[in-house]
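Note that chain A is present in both complexes that follow, paired respectively with chain B and with chain C.
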Partner chain A sequence: MNYAFDYGWLLEYWPVLLKGLAITVELTLVGGVFGVALGVACAWARALGPKWLRPIVTTYVEMIRNTPFLIQLFFIFFGLPSLGVRLGELEAANLAMIINLGAYGCEIVRAGIQATPKGQFEAGASLGMSRIQTFWYVVLIPALQRIWPALSSQIVIVMLGSAAVSQIAAEDLTFAANFIQSRTFRAFEAYFVSTAIYLALAIALRQMLRGLGWSLFPKRSGR
Partner chain B sequence: MSLIEITEVKKRFGDNEVLKGINIDVEPGEVIAIIGKSGSGKSTLLRCINGLETIDEGSISVAGAQLLPDELHLKALRLKVGMIFQQFNLFPHLSAGKNVMLSQMVVKKTPKAEAEEMAKKMLERVGLGHKFDAYPDQLSGGQQQRVAIARALAMEPIALLCDEITSALDPELVNEVLAVVKELASEGMTLLMVTHEMRFARDVCSRVVFMHMGRVHEIGRPEDVFANPKTPELKQFLGMQH
Partner chain C sequence: MNRRTLLSCLAGALTIAAIQAPLPASADALATIEANKVIRIAVPQDFPPFGSVGVDMAPKGYDVDVAKLIADKLGVKLELVPVTSANRIPYLQTNKVDLVISSLGKNAEREKVIDFSIAYAPFFNGVFAPADVAVKEIKDLDGKTIGVTRGAVEDLELTKIAPASVTIKRYEDNNGTISAFLSGQVELIATGNVVAAAILERNPPKRPEIKFLIKNSPCFIGLNKNEPALLEKVNAIITSAKADGALNAISEKWLGAKLPAEL
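Here is the complex of A and B:
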């Protein structure tokens, strides 16, 4: 092996990487927040919602969970314009990630809701709370606490999966790495550096989600 | 007019008729013990009174609020009767104080400061003023059940339904809960309790209802019911085999 490693390009191209990183972070934040919100709403609909709503949500969830993310992304970015819905690459990327996490999050959160003891619903009802109030104030937080590790993993998976958005020219971290290696022909170094950044990002995201869990859920209960 | 009127109530679970026409009228301030074997329908009756179960026939009304299966009527009814459960059913993610505050703020729209004051007062009343910030899993079973009582009382109900509230407790914790109930009874709270604590029923209750096979089999003052049971079923239940 006589390949000479050269990281000299970093001097010139680090702003490109930084911009890619910023976009990946933005996609993850928006996708994470709205995706989890969508997941919670869908979980409520499937577990406790009105009967007519359930098949609609089930169809959405099964469609997303049984097709590749890349195809969903292409469908939104290349397919929808035929119907007159034209989205920019970042909007399309955000939307795809929200829809994707919403479906997986739905099933995870639903498991947490369905593990709620019946007595919690009855206690809420006996105190005069409506079904929706009982869900929001009584059931939701302990349900999220039960499935928080699984939901955190899913958010990290979606963050890593966001690499696919480079395929519709959204200028994320993967797009930046591709761009740099095509300019410098330093494929190993470009992907090595971007790999390291993804790794650091994933670890940081997991820590952040763990911290969020600590602040969202009381330390004592259920542990 | 009685405070609680239970008239010809029938309830079926599939083919199994668990309540076969129940009639009980409860006057304000009465303390009623409902006793009977498991499967006799006593818990189901109690759960019907605040609409946790629907009824198939008959009617139930509490201080004029009718039991009807829509959310508006149910809410009106549930604001008049509080319920305490065998398994406490405290909200695990909220402190004792927040457990007592939540429904006041959500259902009655009580301002936070007022709800907090009420919560302190009610926790004080059940002897747990110092546990305001404790979470349910930091409390013993008896303490949790007393918080549940405080939570129900904070809604200012005119009657309390107690569904075997000491059955899940270790024997040494039963008395602290019964003492609170006794206190409430002496203050004039109307109480309907399903219980296996016969001594308590005899000492505290104004009337005892013995249920058997989905019917009110015997009803009367505790001294009569316990000393002179009229039916062989009650005699057998009380362990008098002669």
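Here is the complex of A and C:
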């Protein structure tokens, strides 16, 4: 092997990487928060919601879970303008990540909800709780606690999947790596550095979600 | 060093010298063409719209039509020789063809080994947009968003010359850039005239028209050095084809645009 490694470009290009990192973090935060919210709403609709709503949500979930993320992204960015809906690349990327996580999150949260024993609903009712209170305290929070590790993994997967948004010229971390690679022809170094950043980001995100789980479900976390 | 090694070295040196020496060109290429009643022309086979192979296996394209035009005007039979961009000049130097019409650009290195006719085809990078976009020069891009294929020559040039207020959206490949333009995600694109021609071929609602050039490197016909008669004849044919609209028709047919005035 006589390849001379050269990281000199870092001096010139670190702002590009930093900007890419910021965009990836932004996409993950927005996608994560709204995606989980959408997932919880859909899980409620599929498990406990009104009969007419269930097939609609099921269609959405199955459509998203059975098509590639990249195609969903292209559809939103390149396809929707034909219908008069023109989103910028960041809005399109955010939207795609939210609906993607929403669908996967729905199935994860639904599993948690459906694992709730029927007696727990009845216990809530017998304590004089309203239906909303029962859902919130008796069903949803224990359900979220049960599936929190699975949901955390899904959020990390979506964060890593956000690499695809570079394809619609959203300037995320992958775009930065590609950009640097095409300007410096230092493929190994550019992708090595971006790999390291993704790895650090994934580890940090997982730790953050674990901490969030502890603070959200304090009493039961000593399981 | 024994005698055998010495001999083989000598033989090797002679072979190299023979390869290096210019092949003795026939007395006058034009006279040979006219005597044989056939002209051999190198055309591309893998570079649409300049030269490709149609479904009927016949070569077609801008370069092929220009080759036909020249054979017609010379009144001789045309023999097309498909070449790649790597072997088109060697084919000429080894006298396998009389002319190279293969979207050949001119540069100093090539000018050392072959001669060039006057330009016969436009080849440039530029900024394209629909007719109603008022952009005439780089300054007019101020505050606008422009799509480009990441890492392409036009990306590098535009990054250098564009004012800071221009937002450059860099797509992964030409298809991304084309899709962004057609879906209206970007109003302007910087690309090559061949890519613009590929868009026009699909007859889209948005028609990319050239606004200004970024880099111009038109195509020339290549021929061997020291062939003044052939060079003069080829130049005369191109000049008259420019004047009578024949070349413009070829440009409209394959590039979807008029021949630029400066050509």
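In this text, the second predicted complex is superposed on the first by the 219 of 223 C-alpha atoms of A that agree within 3 Å, B and C clash if a C-alpha of one lies under 4 Å from a C-alpha of the other, contacts with A are read in each partner's own complex, and residues count from 1 in each chain.
Methods note: a contact is a pair of C-beta atoms (placed from the backbone, for glycine too) under 8 Å apart; a residue touches a chain by one contact, two chains touch by 3 or more.
Remember, predicted model here, so these are calculated numbers, not experimental data.
**Q** Tell me which partner A:N66 touches in the superposition: chain B (first), chain C (second), both or neither.
**A** neither
**Q** Contact-wise, after the overlay, does A:V138 reach chain B, chain C, both or neither (first, second, both, neither)?
**A** First partner only.
**Q** Of the partners chain B and chain C, which touch A:A125 in the superposed model: first, second, both, neither?
**A** Only chain B is touched by A:A125; chain C is not.
**Q** Quick one: is A:S166 in contact with chain B, with chain C, with both, or with neither? Answer first, second, both or neither.
**A** second
**Q** First (chain B), second (chain C), both or neither: which does A:F78 touch?
**A** second
**Q** So, A:S182: does it touch chain B (first), chain C (second), both, or neither?
**A** The answer is second: A:S182 touches chain C but not chain B.
**Q** Name the chain, either chain B or chain C, that contacts more residues of chain A.
**A** B
**Q** Enumerate the contact residues on chain A facing chain C in the complex.
**A** Going through chain A, the ones touching chain C are 74, 77-79, 81-82, 86, 88-89, 166-169, 175, 178-179, 182-183.
**Q** Any idea which chain C residues touch chain A in the complex?
**A** So the residues of chain C touching chain A come out as 147, 150-151, 156, 169-172, 176, 179-180, 183-185.
**Q** Along chain B, where are the residues that touch chain A in the complex?
**A** Listed in rising order, the residues of chain B that touch chain A are 50-52, 71, 74-75, 78-79, 82-83, 85, 87, 89-95, 102-103, 106-108, 135-138, 148, 151-152, 155.
**Q** List the residues on chain A that touch chain B in their complex, please.
**A** Against chain B, chain A makes touches at 117, 119-120, 122-131, 133, 137-138, 141-142, 145, 217-218, 220-222.
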